[in-house]
């Protein structure tokens, strides 16, 4: 069988890559994807833990994470649409009116 | 080096590859595709971990609904190649190194963490698949309240999306 | 036993009246306002009568009758209930308050007929009645204090009723603030009481007090301090030296108000309080003596001022002050019953005097200066006769109400347990002066030639709704004292007999009771006073009468027989005259000593330095610092989400480093 | 040999996959023939006729044509995605079929069931998972060909698929509640007995919702707006030509096949016979059916046809009769029962599809959306809730 720590390391790497994407990308939609990637990484870790302790709670957490991700995506993408219609751009750096 | 381990490494490699593609891709749609790749391979890993239901949900909801939404929006806004501006000096110089450092940190941490050590020999990894029935019982009995809460959350999300959409046109 | 079980009705009626008139009355016709204002008080008067009937059926053990309605304040052991109690003292006060209030209300419906703010006036009056009844019925100090402050408030509102008139407004303020000085002491007194007895319920307090010994007249024991503090409140409320200054100015208010609040009821609250607190006072000889001294001093001092006042209401005001002094003298020498007795009779005749004066002013079309009056005897006979009756009463002419009450006080002062010759003589002379200035008032107003322009002023008798109260009060001030009549011939004083349970209760030390009976309170057994007591008593009753007659004669001499004698007297005693005429410059002295320094400090120190420099400075400084800091820090808000993201990553990195560090340490 | 016994899973699965692919591909090809024939009948035409007898070789010809046509890729298109899309579509559509049991699981080789490629115990979930990804084929195709009509078609289809997937899934949940299992065999075996036990009776509403959503999900008339010829030329695959186009084409029919199989399994007892097991004569039905078909072909061969066509038809006749004979061999007989009934039912559904196409007009887009969200979704939800309540009551 596969050691759980493998899964954990994988999820760690994925999370890190998600963070990199989050800091590196400019397109708002892609930023969202980066967030989703991080969520996925965490999910993997949760499932791995559930398997490690043979308890279902981890899976339940994953379930909730997915639900929340869905809600977040719905609202977030609606916001993205609004932004792109108002600012005529998807570059997150063009959306900088909210400052001092 | 038995079958599951091979499968793990294949899928893991695909997942990491997908994640990297997500970063390097210029077209948002390519990023989306690579993210879908990651998700599918993760689903396979879930199967490997015996979490069949979660695997299915992962694909149905994540790959099948959320990412479709993403693709849909990309198509709707016809999002082209992203421009690599960097007005944010902070992000330009500090962001990437920090993130990479964080990656290494996490990997190191997880690798040496007690949980890793405890189950490194795959003791916990054995065992049959989680039965969907047990999972649903857990969900609808012990976690009933959070479940309802999430349903309300979804409702609110729908309303929010509606409002935003209405305001935009 | 309905009313007795539902005492709150008596309170509620005036309150409802006040609410209705105050909130809605402005739009209503006078009739409605009248019927509500007068009706509510009238009803509560009837309730009081019914209450008396029921009260008399109570057994001695059930008195004082106690009703607890709900817990008002509860903080640790500090418990204040909304509780009412009834005993003989309360009954007397209730009767006086509701009766006089009723008459004054009726009178006002005539006197204020042509004034604006009619409904407002009546709602204030009703409110006052409500608070006064609260004060009287209260079963604990705090509730009593509520009534105490409430009547103060109403007095303020009513003095400043014509608030567009500067003098009225400032008079109101003066009254309120001056009283507040006394109330400060009163409040501390309440606190000290609670600290001492761990309770502010009269019952418990007195029970514990009755177990305490009588304190030495030399030192300041707890009870003494408490009593002095409480008495400070009384000084303020009942206008005694040194806080009497507000009462004369209070005459700015409408005359009915002066009659009700500043003669009959509110100002006597202090006396009532002292009487109510007798178990404490009786054990604090020093406080007792202080009370008596202040009372006597005020009685004499105010009388002297009254002699030279020309404003008819001012005269009455100072006379009120001095009469209150008599009441305190009575209480101070342990003759509480006498004090209360005088309170009642004074309520009748002084109320009458004010109402009559009001009638005169009304007749003269607003003229208040006696020097511009005269010869009104024929023109307004009812007013004249009633006022004369009241004057005879206050002057202490035998047979009239004032005679009995005042003499009992003087008896107690002369031969009582705390007999104090000096105070006795002060009171005696004061009595003489009283009769002098009162008859001076009568003669100046009603006798001699008219000193006003008869073509301008059309003197007319007041309407019936003003005269009827006068007549009723006149009857009272004639017959009001006859309860005590048998006492002269050695019979028992029914008034004292009625009140005796109150003042004999709570085991007042034997010495006092025994000597009180000497002073002529044999009602303890409702029996016949001992003979030597009677002789003593007759010997004493002589003097005041003689002095009163002398006063009458002098007044007649100066103002009827030889009008210029007054002027010559003035010439001869120029210095004294000016001194007295200017009320001993008390107001000026206060202004110089207290008010101006206070003003100066408040303006130049508290306002310009503390408030403007320190407090404002602190606030503005804080704001300034915040703004500067914000101005610096806000640069971080670049508005570029990627920067924020990077900051998040920084946080994450830091946190992970911390985690690893911790884990490595373990 | 021991290799096989050691890795039975792999080997047998590979074999099954190969067979399935072959069968399905052929089936798909002849589905087009079938459809054209039926539609022609409905429109009182002859349909394909000349390529082989009754145009039986038409699909072959079409396949060759697709292969030899020039493979155009529009300029400015996203090459990678453009190529990816059809592969995605077809492969997913075929993968879905891998989960379908065509016959009872107790028929095994090396302890591996014969009639199903992957016998998962949450098969239904996986099926949905796969179909849910199926959207990408269309959407990406529409987007990547970088042209107006395809884009619109892609947008429409992805919107439509997302919308109807919801009600599709929900309408099935009723059946799941009844069966208490995600595995197809579980669902089927619960409907054992005779056709009275089929889920279609208690779940009639669910069935109606399902079939509607399924038609929409497969972009078939009356829900074929993504490729509405009259408005969008050909919708998402306008720019596609030659074999890529063929892949989309096959993917569509494969999807049709899948949803039909699913309907059969969920509501019509899958490979179960509609008759009680006590009626033993039903064992002869497959053979008899084929025999009848053979007789018809024989008559046809003898009378109508001439020349090469006659020869071809004779071959078909022989095939049919031979098949009938094989089916009537006693030891083989029980094994052909399941597939026979299954294919029959699926065939009925396919016919229903074609019939629809021949009959109904196309929806307007807003009608489509409002129908999906405002009617279908609430109804399937209500059905779900009702079913749950009834089940609770019965359990009590």
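Chains here go by letter, A, B, C and D, matching the order in which they are written, and residues are numbered from 1 within each.
Everything that follows uses one rule, which is that a residue touches a chain if its C-beta (ideal position, glycine included) is under 8 Å from a C-beta of that chain, and two chains touch if they have at least 3 such contacts.
Here the structure is a predicted model, which is why all the values come from computation and not from measurement.
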Chain with minimal offset from the mean of all protein Cα atoms: A
Rounded Å distance, chain A centre to chain C centre (Cα mean): 79
CA centroid of chain A to CA centroid of chain D, Å: 36
CA centroid of chain A to CA centroid of chain B, Å: 6
Inter-chain centre distance, chain C versus chain D - centres from mean C-alpha coordinates, in Å: 104
Sites on chain A at which at least two other chains make contact: 19, 22-23, 26, 93, 96
Multi-chain contact residues (two or more partners), chain D: none
Per-residue multi-chain contacts in chain C, two or more chains: 638, 640, 642, 645-646, 649, 652
Chain pairs that touch, as defined at the top of this document: A-B, A-C, B-C, B-D
In the complex with chain B, residue positions of chain A that touch it: 1-27, 29-30, 32-34, 36-37, 40, 43-44, 47-54, 56-57, 59-60, 62-64, 66-75, 77-82, 84-86, 90-91, 93-94, 96
Residues of chain C touching chain A in the complex: 634-635, 637-642, 645-646, 649, 652
Residue ranges of chain B touching chain D (in the complex, touch as defined): 27, 29-30, 33, 36, 40, 43, 52-53, 55-57, 59-60, 63-65, 68-69, 71-72, 74-76, 78, 132
In the complex with chain B, residue positions of chain D that touch it: 78, 80-81, 84, 120-122, 125-126, 128-130, 132-133, 135-136, 139-140, 142-144, 151, 154-155, 158-159, 161-162, 165, 169, 182
For the chain B and chain A complex, residues of the former touching the latter: 4-5, 8, 12, 15-16, 19-20, 22-23, 28, 31-32, 35, 38-39, 42, 45-46, 48-51, 53-54, 57-58, 61-62, 65-67, 69-70, 73-74, 76-77, 79, 82-88, 91, 95-96, 98-100, 102-104, 106-107, 109-111, 113, 115-122, 124-127, 130, 134-135, 138-139, 143, 146, 150, 153-154, 156-158, 160-161, 164-165, 167-168
